[in-house]
Amino acid sequence: MPFQIQAELHYQVLQRSTVLLNVHALTTANQTLSHESFQITPGVIWEELPIGTAGENRYIRLDTGDAQQLDITYSVTAETSPVMISHEALHDLPVSQIPRSALTFLFPSRYCQSDRLGKLAWKEFGGILHPYDQAVAIADWIFNNIDYLSGSTDAGTSAFDTVTQRAGVCRDFAHLGIALCRALSIPARYFTGYACNMQPPDFHACFEACIGNRWIIFDPTRLASLNGLVRIATGRDAADASVATIFGQIELTGIAVSCTSPDFQPLGPDDLAGQAIVLDS
Amino acid sequence: MPFQIQAELHYQVLQRSTVLLNVHALTTANQTLSHESFQITPGVIWEELPIGTAGENRYIRLDTGDAQQLDITYSVTAETSPVMISHEALHDLPVSQIPRSALTFLFPSRYCQSDRLGKLAWKEFGGILHPYDQAVAIADWIFNNIDYLSGSTDAGTSAFDTVTQRAGVCRDFAHLGIALCRALSIPARYFTGYACNMQPPDFHACFEACIGNRWIIFDPTRLASLNGLVRIATGRDAADASVATIFGQIELTGIAVSCTSPDFQPLGPDDLAGQAIVLDS
Amino acid sequence: MPFQIQAELHYQVLQRSTVLLNVHALTTANQTLSHESFQITPGVIWEELPIGTAGENRYIRLDTGDAQQLDITYSVTAETSPVMISHEALHDLPVSQIPRSALTFLFPSRYCQSDRLGKLAWKEFGGILHPYDQAVAIADWIFNNIDYLSGSTDAGTSAFDTVTQRAGVCRDFAHLGIALCRALSIPARYFTGYACNMQPPDFHACFEACIGNRWIIFDPTRLASLNGLVRIATGRDAADASVATIFGQIELTGIAVSCTSPDFQPLGPDDLAGQAIVLDS
Amino acid sequence: MPFQIQAELHYQVLQRSTVLLNVHALTTANQTLSHESFQITPGVIWEELPIGTAGENRYIRLDTGDAQQLDITYSVTAETSPVMISHEALHDLPVSQIPRSALTFLFPSRYCQSDRLGKLAWKEFGGILHPYDQAVAIADWIFNNIDYLSGSTDAGTSAFDTVTQRAGVCRDFAHLGIALCRALSIPARYFTGYACNMQPPDFHACFEACIGNRWIIFDPTRLASLNGLVRIATGRDAADASVATIFGQIELTGIAVSCTSPDFQPLGPDDLAGQAIVLDS
């Protein structure tokens, strides 16, 4: 199913700056792109960096030069083929069999201090036997216990804060999911992307947990349809995958995101019964 | 110069556990190994994992199985050829020219919350013009302002704590150095390794700052000679490069580390005047 | 019922120090003392300070002078008459009717950051109608969710940490109870004292919540019998009521506490059904 | 010198609330009031509470009842007689001679975690011999190292944050001054009040340090003239002395503060040379 995506970002440049921009969709085994377009204020020099090895991003690095204003428009058509997998097919692999590439995602990171959430995680979810059911329970717990509240957190908020403060946005929900999974020895990573028909439209963040050697996607905000996600980046947490990392001083003055598909059918509870969703196999 | 290295670790196994062990020296362009030996309690199953892509480690993953006791002996002869570079040869590259592989090391991580140390870093070191001189000043500041005090910190202590609590061990000194460099847009990473003739002998941690596309090593503890270091691992911080990451329950009961070289001549202040040290070019 | 209390503290003096000692039982409307004795290393100068106005303590202030060793023995016989009050008799007073003297105990304090626990408190306990039932639920929640684990916390640990780290000692349990009550606009304060027949014997900490203008005692550790408590001090939190606040450098080398009563009958669940305990009316 | 003071506060009431309001000037030995007026939206019930024992405030407690809007106007004429004391007259009292009433202000509090700033305080100021000179150095250090930046902090920010984040408002400056003093065993407390001719006009916060049994006032922001201060409240920190503590849900929609005196002569550097200012003897 093709998704029509467009993102616009407008900044005022207060001081010449370098920016790492992270809005390009990735090409993966299950996600193909076409009609990609990237437009930027004339005169601004930019380059697309090669995809990284830890996490994956298509960073645009730009230097504002003398521009006073930075206007960015990205558009693309993305075709995805998420895979549904029966719960029964997800094996419960011990840490001794977790693949090397997933081990990094067991370690605590800036916003996901899994090392400090161990007792909480074991008390709440330790009695659940299978890691898939644990991850489901974690996503449900977050949905039920954390308020989605714009403006309640800032760029410094981490899972350790959120677990007590009980409010946040998609980024905070994802961080808490990741931290709780890792605390249970389930590798977990940060997903950012576009979400079809999400209201209000915005960049979105979710988390993926590695269970039985498959990366299962979870959205503890329940704002997005899991079959309507288009990946921008994968990382340990938002430190790896911010929309924009700014070196200098520029100020966001406007943002508009859309992700639509004329024939999109969100998966409903019936479709998802007993099924996990893998975005990239 | 060949370094004779030996590390012994003894654990009591309280519960069957999986352990990621991080004691093997790396083979790099400037570090070659010979006579490597790894011995472990008979019956314990272990494997050496391929070197990772984010950071570099030669993890040993082991499963204690039914063993009650875990005894590990690692020994190796390592030959290193650190490079001395004149300060003048280190260019001051803007963020727009930092190599892709170093960008990851600009981001905040679990123990190095560079995003929260920005004002402090700019106030203390922002007036210094060249990033090399900034990194030198950071290492000096840490040495002069933080007490080296065994037992004053624990596995949860981060740079944000240390900058105020003003005490720590080599790990904390390295984390603070990394966080302050990143806050100034200097990529910085965690180094763990063996240190020739260090007193008392132990695993050591330092930091490397990427300046002019070279990774310069700094030891803010001043306990090690920079030409006597043998690399075990590189990472974002200690989350990537702990000596042992334990999944289960085992308890350290003994540790012994030695790193010696009969003819070792530590670099003195005269040798280092105007010179930076690069372990791996 | 008379309780025989004895406390011994032994310190090594590393450097001449001033100490605020907080081991004397209070005289209150419901607690009378006899046979009080306080002995200290000869030559050490000390004074008993007048009881404070915020919180209540009988501080001993001592100056070690030239003493190398500090040996303190306190003993007293305390008679208490805790009052049982039927739940029904505890009115649900709005904040607009809370007595002036209790208002201080609504504010956040060093170890009880009630300002950051609001959402958590309301989510977990906001559905409970009466403040007494809320306080009971808080004490139960702490008992059920926090592990009592000696050595798991230190003097810097606060309620904000404990709610996530899920382990602590009586001090941490009390702090969390206080913070959660205050977050629900229930005044709450710190109690330290002796606890009859508690195993292992030690100084104890609990919390008191002001409900319907009465200070109800709660012990979320469930280690002490509520009718076997002898008050040493009342405060906002442990910052006000440490056993010893040290200015200088002395090191605890030994401690022994006992609180016994030959005929003591701990209140059982039947006695407590529907009854709240007030130590001081 | 008489100061004409007026404060207006406007709130929208989102939900019936109780408010502790803290805008009334205190009557003290050195501060007398006249022409006091307090006006509030008709129908709102309020009372003035007796001055507390820990800290001092003239709280107004009000219940919004059915009011949709809350409009408050307070005005008063305050006459103060601050006292200048020569530095030489301030004795360096050891902790063993600090008066009982000041001891409370040695303990850490919600926003002043002096227990965690000990090493920093001793490293920066421990070499200074006299506590008055230490307090002066602390106020200077804060002025020189912390940026005054509206909006950079929030109600949860504490001295532990500010010492690293290096930005804040008068409240944060005061908290850091208090925490550093207490860490050096100098009792220190929070002052809120009106400040004559301060630009921009607002409520102000400073700190007082108890030296030689006198409470010396310090303003690390240097925004106010020390002889132009009118005291509203004294407390451990802002937890005791907020302008408004809200139980319920009301939203500030407007604020206006003025404090003027036709003949006010701010003390200049020459007046202050060698002189400390005591607001209340």
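Going in written order, the chains are labelled A, B, C and D, and every chain counts its residues from 1.
By our rule, a residue touches a chain if its C-beta (ideal position, glycine included) is under 8 Å from a C-beta of that chain, and two chains touch if they have at least 3 such contacts.
All figures in this text were calculated on a predicted structure; none of them were measured in a lab.
*Asks:* Enumerate, in label order, the chains that touch chain B and chain D alike.
*Replies:* Expected: no chain.
*Asks:* So if I superpose chain A on chain C by CA, what angle comes out, to the nearest 5°?
*Replies:* Value: 180 degrees, nearest 5.
*Asks:* Would you mind working out whether chain C and chain D touch using mostly the same residue numbers, over half shared, or mostly different ones?
*Replies:* Answer same: the two copies use largely identical residue numbers here.
*Asks:* Using mean C-alpha positions as chain centres, tell me how far chain B is from chain C in Å, no decimals.
*Replies:* 45
*Asks:* Roughly how far is chain C from chain D, going centre to centre by Cα mean, in whole Å?
*Replies:* Computed from C-alpha means, the inter-chain centre distance equals 30 Å.
*Asks:* Multi-chain contacts in chain D: which residues touch at least two other chains?
*Replies:* 116
*Asks:* Kindly provide every pair of chains that touch.
*Replies:* A-B, A-C, B-D, C-D
*Asks:* For the complex, give me every residue of chain D touching chain C.
*Replies:* Going by the criterion above, the answer is residues 18, 20, 45, 49-50, 52-55, 59, 61, 63, 94-96, 100-101, 103-104, 106-110, 113, 115-116, 155-156, 185, 239-240, 245, 247.
*Asks:* Inside the complex, what are the residues of chain C that reach chain A?
*Replies:* 116-117, 119-120, 123, 145, 147, 160, 163-167
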